[in-house]
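Down below are the structures I want you to see.
One chain, chain A, appears in both complexes that follow, with chain B as partner in the first and chain C in the second.
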Partner chain A sequence: MTRERVLYLMGGISAIWLVRNLYVMLLALPDEVEQGAIYRILFFHVPSWFTCFTGFFLAAVASGLYLKTKNSLWDTLAVASVEVGVAFTLVGLATGSIWARIIWGIWWTWDARLTWALITCLVYMGYLMLRGAFDDPTSRAKNAAVLCIFAFTSVVITFKAIDWWRTQHPGAVLSIRTGGGRIDPAMEQMIYQNWPALMLLAAVLVAIRMRQETMQRELEALRRRTHAF
Partner chain B sequence: MKLLREVCVVAGKDLRSEFRTKECLNAALSFAIVILVLFSFAVDPSSEQIREMSGGLLWLAFAFAGALILNQSFARELPNDCLDALVASPVSAAALFLGKAAANWLLLMIVELVCLPVFGVLYNMSWLGQWPLLLLVFLLASWGVTVIGTMFSALTVNLRLRELMLPTLIYPMMIPALMAAMQLTTVLIATSGVPPEDWIWVRLLVGFDIIFTSLAIALAEVVLLG
Partner chain C sequence: MDQRNFLYMFYGFAAAWAILALYVLTLVARERRLRSQIQTLQRMLEEKEQNK
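Now for the complex of A and B:
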């Protein structure tokens, strides 16, 4: 099976999975007692954050491996993961904001978790900006890898913010962190089912971006070779 | 011991060259004071509220002025290929990085220690009550700021948009240190001591300094030598 077909297949499975999840969310699961219908946005909000954190973790590991091996494949994986991670960060911020508008009556509050989420987004946008500022691919890959490792600290702080500070953002609800009792099992199950579907979508996007990045690298090399003569 | 000697040599070289021209120091000092003056137009300088904002105002001025010092840290080595000569010298990358960071730290501390009394006079505020703790906060937070800033200054030294890229990258990364410094400075200026619940900010500062200094030392060779 060609690479394209595998990607189409993964994309198709992800789409079907997401549609099936939407059906369950909207038609099978009842409204939440206190929050009403809006709680369903959490089925995208929480998995989006898990997906972007996974992307940033992958990028940090790939950056470390690039610095160790100098293999450009790792740099390609890092930039693709960060780009997709930033997209999911924006989804997480947007869904969180919509939920906050309905539940808290405000779009945004300068609470530790929200602030750190925004900082993480800015740090990784800075990473993408830094890449754009370099002409030489080797310097670009090296410096971006260093920044990517530094940037991961903001992911850790964002994740732990609800434990370290008293936040308006709700505390941990998933039973793997609380031992259970904070969320209905059927609703928690839905979060776990939507996460792999979004992860599959993210994997397809990362693979596409990696191919584009490889092609761009080849084009840059060709252009440099042409200018050399 | 050898590392310490190398760090002192690099820091001494940077400080000597800076004190000969006072290029960055004068620019950073004037800039910080201009910012402190500008704040008086944004908020009522005679109000009681200013005391609760003192940490934020001071550290914003220090962060903006610090960027001027950090920008020049590696950029001053570019003419005559001095950076290549430094990298080729028998000094380890970690010593080179720590030496530059130490010089920047001292320069930033000078800016802070000059600005603090100026701030006290302009905004009619007494800051001497808790000065040993305040000094400790300044030392810890300034080190955090300079470690991040020096590392990113090395990352962006060869960019055309260096002056623009450095602040864009460093400010989000510095936020933990700045946040803790703002909080603690406000508490130390506005009240008579650090309440127990605010000691978390001191721990955050120490943790920030340890984590980023270790990361920077580990990655210094990659960044400076390639």
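Now for the complex of A and C:
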């Protein structure tokens, strides 16, 4: 099976999985007593953050491996993971803001969790912009790798913000962090079912973005050859 | 299903899918641009090598 077909297959499975999850979210799950229908945003909000954090973690590991081995494949994986991670960060910020409009009565507040989430998004956008500032591929990869590793501290602070500071953002509800009793088991299951579906979609997007980064390198090599004539 | 805040739930789902769809569209556009630029440069190189 070609790489292209594997990507189509993964994309197809992810699409079917997400449609099935939508059906369960909207028609099979029980209602939440206080929040009404809006609580269902949680099933995209939380898995989106898990997905982007996974992407940023992968990017930090890939950046470390690039600095160690100087193999451009790791740099390609890092940039692809960061870009897809930023897309999911925006999903997390947007869905959280819409939920907050109903539950808190405001779109946004500068509490520690939300502020660090925004900082994380801006830092990784900065990483993507920084790459454009270097013409030399080696300097670009090296500087971007260093920033990517340091940027991950922002992910850790965002994740731990609800434990370290008193925030308007709700505290931990998942039983892996609380030991249980803070969320209905059926609702928690839905979060765990939508996360791998979004992860599969993210994996397809990372693979496509990696291919484009390879094409970009090919393009830069062709440009150098053209100028050499 | 409880109909309270249904509209904002819809906005939330729509926003999530719109952001991902927009990202996929930028990927498609970027791939097209890259392919076209690579083909153009390859043609230029071939022409230059022939004229050498």
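Everything that follows uses one rule, which is that the second predicted complex is superposed on the first by the 229 of 229 C-alpha atoms of A that agree within 3 Å, B and C clash if a C-alpha of one lies under 4 Å from a C-alpha of the other, contacts with A are read in each partner's own complex, and residues count from 1 in each chain.
Methods note: a contact is a pair of C-beta atoms (placed from the backbone, for glycine too) under 8 Å apart; a residue touches a chain by one contact, two chains touch by 3 or more.
As the structure is a prediction and not an experimental result, all values here were calculated from the model.
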>> Just to be sure I read the superposition right, which of the two partners does A:74 touch: chain B = first, chain C = second, or both, or neither?
In response: neither
> Between chain B (first) and chain C (second), which does A:56 come into contact with in this model arrangement: first, second, both, or neither?
Replying inline: neither
> Counting only touches as set out at the top, which of chain B and chain C does A:154 meet: first, second, both, neither?
Replying inline: first
> Is A:195 touching the first partner chain B, the second partner chain C, both, or neither of them?
Replying inline: neither
> Any idea whether chain B or chain C touches more of chain A?
Replying inline: C
>> Applying the document's definition of touch, where does A:130 land relative to chain B and chain C: first, second, both, or neither?
In response: first
> Where on chain A do chain B and chain C both make contact?
Replying inline: none
> What part of chain A is in contact with chain B in the complex they form?
Replying inline: 67, 119, 122-123, 126, 129-130, 133-134, 138-139, 142-143, 145-147, 149-151, 153-154, 157, 164
>> Touching residues of chain A toward chain C in the complex: what are they?
In response: 22, 26-27, 31-32, 35-38, 40-41, 44-45, 48, 84, 87, 90-91, 94-95, 98-99, 101-102, 201, 205, 208-209, 211-212, 215-216, 218-219, 222-223, 225-226, 229
> Which part of chain B faces chain A closely enough to touch in the complex?
Replying inline: 148, 151-152, 155-156, 158-161, 165, 168-169, 172-173, 175-176, 200, 211-212, 215, 219, 222-223, 226
> Inside the complex, what are the residues of chain C that reach chain A?
Replying inline: 1-6, 8-9, 11-13, 15-16, 19-20, 23-24, 27, 30-31, 34-35, 37-38, 41-42, 44-45, 48
